[in-house]
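Order of writing sets the chain letters: A, B and C. Residues in each chain are counted from 1.
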Amino acid sequence: MSAIRLSPAAAILRHGVLVLTSAFILVPFVWMVSLSLKSPGEIFRATFSVLPAQFYGVDNYAKAITSVPLPRYMGNGLLVCALILAAQILVCAPAAYALAKLKFWGRDFIFAMVLVGLLLPHQVLSLPSFILCYKLGILNTYLALVIPYVVSPFGIFLFRQFFRKIPDDIVHAARLDGLTELAIVWKIMVPMALPAVIAFSIFSVVAHWNDLFWPLIAVRDGHLMPAPLGIMAFKNEEAGNDYGPLMAASTLVVAPLLIAFLAAQKWFVEGMTGGSVK
Amino acid sequence: MSGIAIRNIRKSFGATRVLHDVSLSIADGEFLTLLGPSGCGKSTLLRILAGLEVQDTGSIEIGGRVVDGIRPKRRDVAMVFQSYALYPHMSVAANIALPLRMRRLSRAQRLPLIGRWLPGSGPVISGIEMEVSRTAEALGIAHLLNRRPGQLSGGQRQRVAVGRAMVRHPAVFLMDEPLSNLDAKLRVQMRAEIKDLHRRLGVTFVYVTHDQAEAMTLSDRVVVMRDGEILQVAPPQEIYADPNDMRVAEFLGSPKINMVDATMREPGLVDLAGSALPVACEIAPGSKFTVGIRPEAFQFAEHPGPGVITGSVRMVEHMGSDLFVYFDPCGLEHPLIARLSAERAPHIVAGQTLHVSVRPDQLLVFNRDGRRVRARDVSRTNPSTPVREWA
Amino acid sequence: MSASLPAVSRLAQPAEGAAAKLSSRVSLPRRHSFYEAMWGWALIAPALVFLVVLFFLPVIGVFVIAFSDWQFGASSLSFVGLANFREVIFDEGFRASLINTVVYVVMVVPGTVLAGLLIALLIESSHSCRALYRAVHFLPFMATATAMAISWEALLHPTIGLVNHSLAALGLPVANWLRDETTVLPVLAVIGIWQNLGYAMVLFMAGLKSIPLDLYDAADVDGADHWLDRLRTVTIPMLGPVSMFVVIVVALRAFETFDTVQILTQGGPGHSSEMLLYTIYRESFEYLRAGYGAAVAIVFLAIVVALTLLQARSMDKRVHYQ
């Protein structure tokens, strides 16, 4: 739709509509931050304002950090995301290289398996995964949070698409230079497909930082809970109607991804839409 | 009457100046080509003519009417795009019909399904259908009317694009590199068809290309552009044989024209490539300038002598009827290229010594600024200079 | 110009020939095929093992549980055919869950797609504040749904929530949005639209960018220069294939809604906001009815697979379009 010069009236209409939709989008964020700065008395007052009458932010945030192990929850989330991402790249990149550049018996069948894997939502597999973790004796450990995700069919698929675009001659040249196939994966393929790796990393981290479903099943121990499960527990047990600290905790959980997003929008959009958007 | 007058057009995109003060007038029914390398501003000029870009300053007149600020559809121009810009979701018939539908039907009448049954639209629609099929027949694409552009070959798409432009009988045809997406063989064929189309329609064509062969074969006049400026406007023969500017001489002709630094020895005699050659222009003795010599201007000579250049042959390329001989006259860093007739020149091999002569009127003299210095008393360069085949 | 080309290409040819010879030697067909196959299997082995253990065995497991009488802790099982499915289908809770999910999806998909399209068109129609608007509208898609659900709960709170405060100030009727059977599902749908419209918007913006500008120029010259005509002649038809893709992707996300139900309503009041994924979770892990949960999971899987296959087909179409 570019190349249209909007008339002043059309430009005003455009901004008018977009400001309205932006307001709709932002209200929950603004409300969350606003409540996190207010005292209980003010929250339950009949009148309201965006800015707190009495700044209660320090108390709320202090309570969110101390009375609940929020730093622990966020640390758990970070650790789990890091472990999952590391495992996914370690497993998926060599597999994607084999599928993209090597010829071997059974390759097409395995690729078909990857495509079928793309079809299967983790939630459907949760019951057998739970049983598997139980049999392995890893329920209620970090391992249980990580294991179901160590291979990502989407990761294999995405990497394969990118690796295929790298010319075969580069692989041949690397072999002439004496690199093993494994070295080709890590020294040639992954660096050359870095945009895909970054997009996938963002996709993976966002998905697992925000995930509630599987942690709810896999861990019961408060010390192991990642952030979403942690604030859910906070809401159910301790907070009740103590909105201030609850909103402070929510703000702290949402903040890291949003800040990262605002800092690297393009990468996030690409990662979150599966690389289908440039 | 649909001549075009372009007056003092300037255009910048941000800090880049694309057109510097371009003025040009185009006669009614003329086939005019804007020729130049990419980035010379030729496409921008065409898009300003179409109304797709707005000039910063200057004025455009089409058919005696100033069209500045007038939208493309009211300018009575049609355009064929390099990519053809066919609507991929519409049939060929719908593509060709669109300009007529947009002009003759109201917005309500254009609604899908219902529009056809609104009062007054029936006869208009059948009229449009008639004209579409007449246009399609004229272009030999009548059997393709129900296909989608995606199902057509490059040449067929090109004809559809021409059909869409032709159907509403515009006063001016604008064509932006319409042949550049075709393979070489088809390009030659479509070139002939465009020439024929121009003859049949008799309206003004403005044609943008970077291909000198297209410019030479199609045009009544060629406009050579470079860096947003017009270097020369002239019929093809004249552009080739009598260039105004070093850049024009270098842009046209294949192999490229030889450019040699030279010094005036005495009036009428120039020091060039180790020889003294007579020239027909008056420049102060001792001054330096550049001489352009077309490869085919060289004549094979049996012996050295006055007016003959001598050098050792570096490489010979046999092109069938002609030989391209690369030779190094003494005192030159780069070899000169001579295009010699294979019949007239004996068997020439690398390493031997070659003598060539050149007629004084075929030395194109350029001053330090690259502008042509013309002979005062010598009549215009012989227009019978052969224009080689433009393959 | 063209005549000097043969010389160049003649020079280039031997080099190309050498390169071709080299490359054929490096990937030597016979001797190296074994080496290549060994490496292929070695590199893919970890992924293959995990794929089998984490995807294929579990999916078989789901089917086994769904068609048997297995319970947590049971050491043996026997197949009971469709008994679990019969139980599921005749269970009012499941039927409510399925209907709720479909109704929710039917509200979320058009809302998200139309809002996403409108916002994408508006943002792309001019350069001013383009990046800002895009970032703002994409925020909810990134934000942790659990945390945002808590904020929505506060907004929708019957006494201290902003929504009721505002409605009351305007003299409009208020409601206990999340505790009222008639409002709870539409409210969840609004939150679903809020979460996903930025995603639809971004996909549409990419679709808009891939429309060749020449087409708009051609439309201008052809006389379709009013914004409505441009929209109808070029923009909307060219977005057709992308739209199909967006509809399915958004539908998939809507079907997978879990966090907002878990945080905000727990399926209530009654069964009025119960949705498939929440049913799977609760039956399997809270009520420990493995057979029931697995049967619902298979229904859910069937829907997701059907939608994904539809999506793959629409992607194919997109390729054929050009």
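Keep this in mind: contacts are C-beta pairs under 8 Å (C-beta built on N, C-alpha and C of every residue); 3 or more make two chains touch, one makes a residue touch a chain.
Chain identities (UniProt): B = sn-glycerol-3-phosphate import ATP-binding protein UgpC 1; C = Binding-protein-dependent transport systems inner membrane component.
Note that the coordinates shown come from a computational prediction; the quantities given were computed from them, not determined experimentally.
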item: Topological distance between chain A and chain B, in contact steps; value: 2
item: Most remote chain, CA-based centroid, reference being chain A; value: B
item: Between B-C and A-C, the pair joined by more C-beta contacts; value: A-C
item: Intercentroid distance (Cα basis), chain B paired with chain A, Å; value: 56
item: Inter-chain centre distance, chain A versus chain C - centres from mean C-alpha coordinates, in Å; value: 15
item: Geometric centre distance via CA averages, chain C-chain B, whole Å; value: 52
item: Residues of chain C engaged with two or more neighbouring chains; value: 217
item: Chain A - residues contacting chain C, complex; value: 1-4, 6, 10-11, 14-15, 17-18, 21-22, 24-29, 31-32, 35, 43-44, 48, 90-92, 94-95, 97-99, 102-107, 110, 113-114, 116-121, 123-132, 147-148, 150-151, 153, 156, 168-169, 172, 175-176, 181-182, 185, 206, 209-210, 212-213, 216-217, 227-229, 231-232, 235, 243, 246-247, 249-251, 253-254, 257-258, 261-262, 265, 268-269, 272-273, 276-278
item: Residues on chain C engaged by chain B in the complex (per definition of touch); value: 1-4, 6-7, 212, 214-215, 217-218, 220-226, 228-229, 233-234, 237-238, 240, 320-322
item: Partner chain A, residues of chain C touching it in the complex; value: 19, 22-23, 26-27, 33, 36-44, 46-48, 50-51, 53-59, 61-62, 65, 115, 118-119, 121-126, 128-129, 131, 133-148, 150-152, 154-155, 159-160, 162, 165, 194, 197-199, 202-203, 205-206, 208, 213, 216-217, 227, 230-231, 235, 256, 258-259, 262-263, 277, 280-281, 284-285, 290, 293-294, 297-298, 300-301, 304-305, 308-309
item: Contact set on chain B toward chain C in their complex; value: 47, 50-52, 71-73, 77-79, 81-83, 85-90, 98-99, 102-103, 107, 150, 164, 212, 254-256, 315, 317, 319, 324, 391
